[in-house]
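Here you go, one structure.
Chain naming follows the written order as A, B, C and D, and within any one chain the residues start at number 1.
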Amino acid sequence: MLKVDLNSDLGEGYGAYEIGDDARMLSIVTSANVACGFHAGDPEIMAQTFRIARENGVAVGAHPGFPDIAGFGRRRISFSANEIERIIAYQIGAAQALAVYAGHQLTHVKAHGALGNIAAAEPDVAKAVARAVKAVDPSLALIAIALSELVPAGQAEQLSVIHEIYADRAFGENRQLVPRGRPGALIEDGDQAATHVLDMIQAKAVITVEGRRHPTPIDTICVHGDSPHAVAVAQCVRKRLEAAGVSLQSFSKKAT
Amino acid sequence: MLKVDLNSDLGEGYGAYEIGDDARMLSIVTSANVACGFHAGDPEIMAQTFRIARENGVAVGAHPGFPDIAGFGRRRISFSANEIERIIAYQIGAAQALAVYAGHQLTHVKAHGALGNIAAAEPDVAKAVARAVKAVDPSLALIAIALSELVPAGQAEQLSVIHEIYADRAFGENRQLVPRGRPGALIEDGDQAATHVLDMIQAKAVITVEGRRHPTPIDTICVHGDSPHAVAVAQCVRKRLEAAGVSLQSFSKKAT
Amino acid sequence: MLKVDLNSDLGEGYGAYEIGDDARMLSIVTSANVACGFHAGDPEIMAQTFRIARENGVAVGAHPGFPDIAGFGRRRISFSANEIERIIAYQIGAAQALAVYAGHQLTHVKAHGALGNIAAAEPDVAKAVARAVKAVDPSLALIAIALSELVPAGQAEQLSVIHEIYADRAFGENRQLVPRGRPGALIEDGDQAATHVLDMIQAKAVITVEGRRHPTPIDTICVHGDSPHAVAVAQCVRKRLEAAGVSLQSFSKKAT
Amino acid sequence: MLKVDLNSDLGEGYGAYEIGDDARMLSIVTSANVACGFHAGDPEIMAQTFRIARENGVAVGAHPGFPDIAGFGRRRISFSANEIERIIAYQIGAAQALAVYAGHQLTHVKAHGALGNIAAAEPDVAKAVARAVKAVDPSLALIAIALSELVPAGQAEQLSVIHEIYADRAFGENRQLVPRGRPGALIEDGDQAATHVLDMIQAKAVITVEGRRHPTPIDTICVHGDSPHAVAVAQCVRKRLEAAGVSLQSFSKKAT
């Protein structure tokens, strides 16, 4: 029987600011990537997100980003790979502490936004991310976009690498996500997203916009939590996967 | 034989900004309280401070403060006690991760600046600090100003409470530190500071500016790292203590 | 004929974060107080808010607060009165520049959140606010809660003082706003808010929760922009005032 | 008679953090570029720097940078040119207000660090900087590295463009500053710096490391304030220029 994890980036509010419907998303997904205070999230929101995730049986991970609340972590900042290693270690630790504080525990790490993009594309940064996870807690899994530079980087550090595809994003011919803003980059219809995902899971491959197949394990599917249709898309993907006999569960043994 | 720990607040630079001569202080003290990025310190400086401390055999603790780089954590910010609990948990975790990253491990927690002052004086905040330490890692010791509200708060959570006096600060008749800016608050001469400390260690009591004695265990002595005479004062205190037969060592079994 | 200004705190998003429906509020109010980047607002949002205000013929003011995005400026931070003077001067200047950049110009200053509360209650802070406005641009009006310490402070600096009441907040027996969280502090029904306002305008007095009247000029009415019912309340207040023959217009000659 | 301005980046401390000996630099230079709170500087330091500059008869300008205290504005952040326009407008306004507050007035704008580097090299950013100055106050001069993209960008907006060379930095064959870190990039000896500057002033040209001459007006010389030898280098350059009959004075008529 096929099984897969469903993950979403949550806890992305800041102080009085809210983004997304975390409570509902936490009733749908099996893993939550929780912002760590650098691009979003503050200790109040982190502790609350970890607590609600625990109550819903949802596995949690650290979701570190560049230090840039105003830019929501979407702006590239010219940190060196070594500096990136330290800002990720810092954020993992902060998330670990607040997860434990909330009676939960981290299972994984997933880089956010601009940091995630360059970790997927640039070997030096990918290695820095993997080294940070390894140094802080080698039992944490590393979510890596399927076929990206993070996959070999995490494997080289003997981390558990979780291959990820996106329900709501298309892969281009270069085997990377089509950048936001390009036509066809975003898949906003729930059924279309579900079909997109099911095709890839059954093919055991990334399928690009032009239909080419690149074999890869697929361990987790990302659904975004901050778009207006997020909840509907996530629900639809979940239902269609279950209807197709795919079991939805966290990739982590810790989470069970 | 009497023994005592000598602690200092270090790693208090930020980016290109430097404060104090950390390298020399780390050759004198037995414990370092390392800023966690909220009032000072950034991941680069934290990792470096933990590394140099390890190389010098100096025990390290988290030194959380209010989120206020511009105010160096000296401004009170009206966080509730519950919010303080979470900002401390966050900072402890960040420090734990970077200590482990640097091959070291935390032994303790000490609140900084305005946060430290209100934790010493206000039972609700003292309890919040103790709960944060307990929740994140109950094996961490809690440095508490001798006779302050943090002592019973830490004990109520079964934490190892480390009673602290200051080499360079006087105690007032209310058994609290004389606020900076008041006459006699600061002791800037090394020999005077050493005498001040030795008198209290031998008396096993806090001795106030008017000479009254309040019995208390004394486990650690704080010497500040950021004044112009910091290194000289710390060296003098260390020498005079050793000459008087007091053994200088970390309070932590982990550290040895 | 009676006339009054209708003001709202707008431009309070931050980066990707949004609060309130600024576009609709700017079609209702006659003056907008624009966050200046310390507690909310960033240069993008400021420029955009000034531009839309200009297009709608809405007067604009600087809305300075404490530097605390995570706390939305609602936390008191222990700045001295002199330091407050400088953080307000800074924010007025930033707002002036972006207003001019957007083809508009500032007419006034109104302190936000915790800063506004202490400026209303504490003479030293009230004087600091008035001095900052005077120093940067004495032609700017100062919005002051009616009967508050800001009224005499602004007058002493020869500023144009704009007496303000709140459509959605009650005055207590101490002639100050009933603190949020107390019963009766908030008036969430549009008709009730409109009646509350009309009674005071016609009485030329603040009317407290117990019905006592304290005579004062009333130059502007604040309607909040960030509550779920904000737009409905503002529309209702505006309609009821117009129906009662009260002319809604900015207090500023500059704005016309 | 030849005349030239001597400028330095000052007011680059932050809260308790200090960098450079501003008081002594302000007794040597004729113009100060004052950090505006984004990469360094806070309202206290800004007001104080403007006040001391006024007392010393030193002209002052805004020195805007990327929002990055931890990186001292030296990290590139992927803002669009339009966003850069707004962050510069914001900072100019803040500086104008605090200059006026301190009894002084701005004469110019000079971009800092990474922002300055890309404004010199990338036409889109150069134009954005010029548009920001033009929009906020077209009477402000724009300091532009000689031969850089900022020169035509400022001229296209009819700004007064001040052509700048560096006493302590070499120009490469591409007519740009040799990047820090490359051999020969920095000139740390005072006499060597003075000779470097005098040669260019007398040649009315930038002279590159390989001796090639590129004719350009030279209106101002930058001496850095934050290196250990800053004061000595600045003093030496000033003396040698005066001895050679070059008159040192601000480029601005406002400043006299």
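By definition in this document, a contact is a pair of C-beta atoms (placed from the backbone, for glycine too) under 8 Å apart; a residue touches a chain by one contact, two chains touch by 3 or more.
Because the structure is a prediction, the values reported are computed rather than measured.
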item: Third chains touching both chain D and chain B; value: A, C
item: Of C-D and B-C, whichever chain pair has more C-beta contact pairs; value: C-D
item: Rounded Å distance between chain B and chain C, as computed from the means of their C-alpha atoms; value: 43
item: Length of the line joining the C-alpha centres of chain C and chain D, rounded to whole Å; value: 38
item: Multi-partner residues of chain A (at least 2 other chains); value: 70-71
item: Chain B residues within the chain C interface of the complex; value: 67-68, 70-71, 75-79, 114
item: Residue numbers on chain B that touch chain D, as the complex places them; value: 13-19, 42, 69-72, 74
item: Touch list for chain A against partner chain B, complex; value: 37, 43-44, 46-47, 83, 86-87, 89-98, 100-101, 132, 135-137
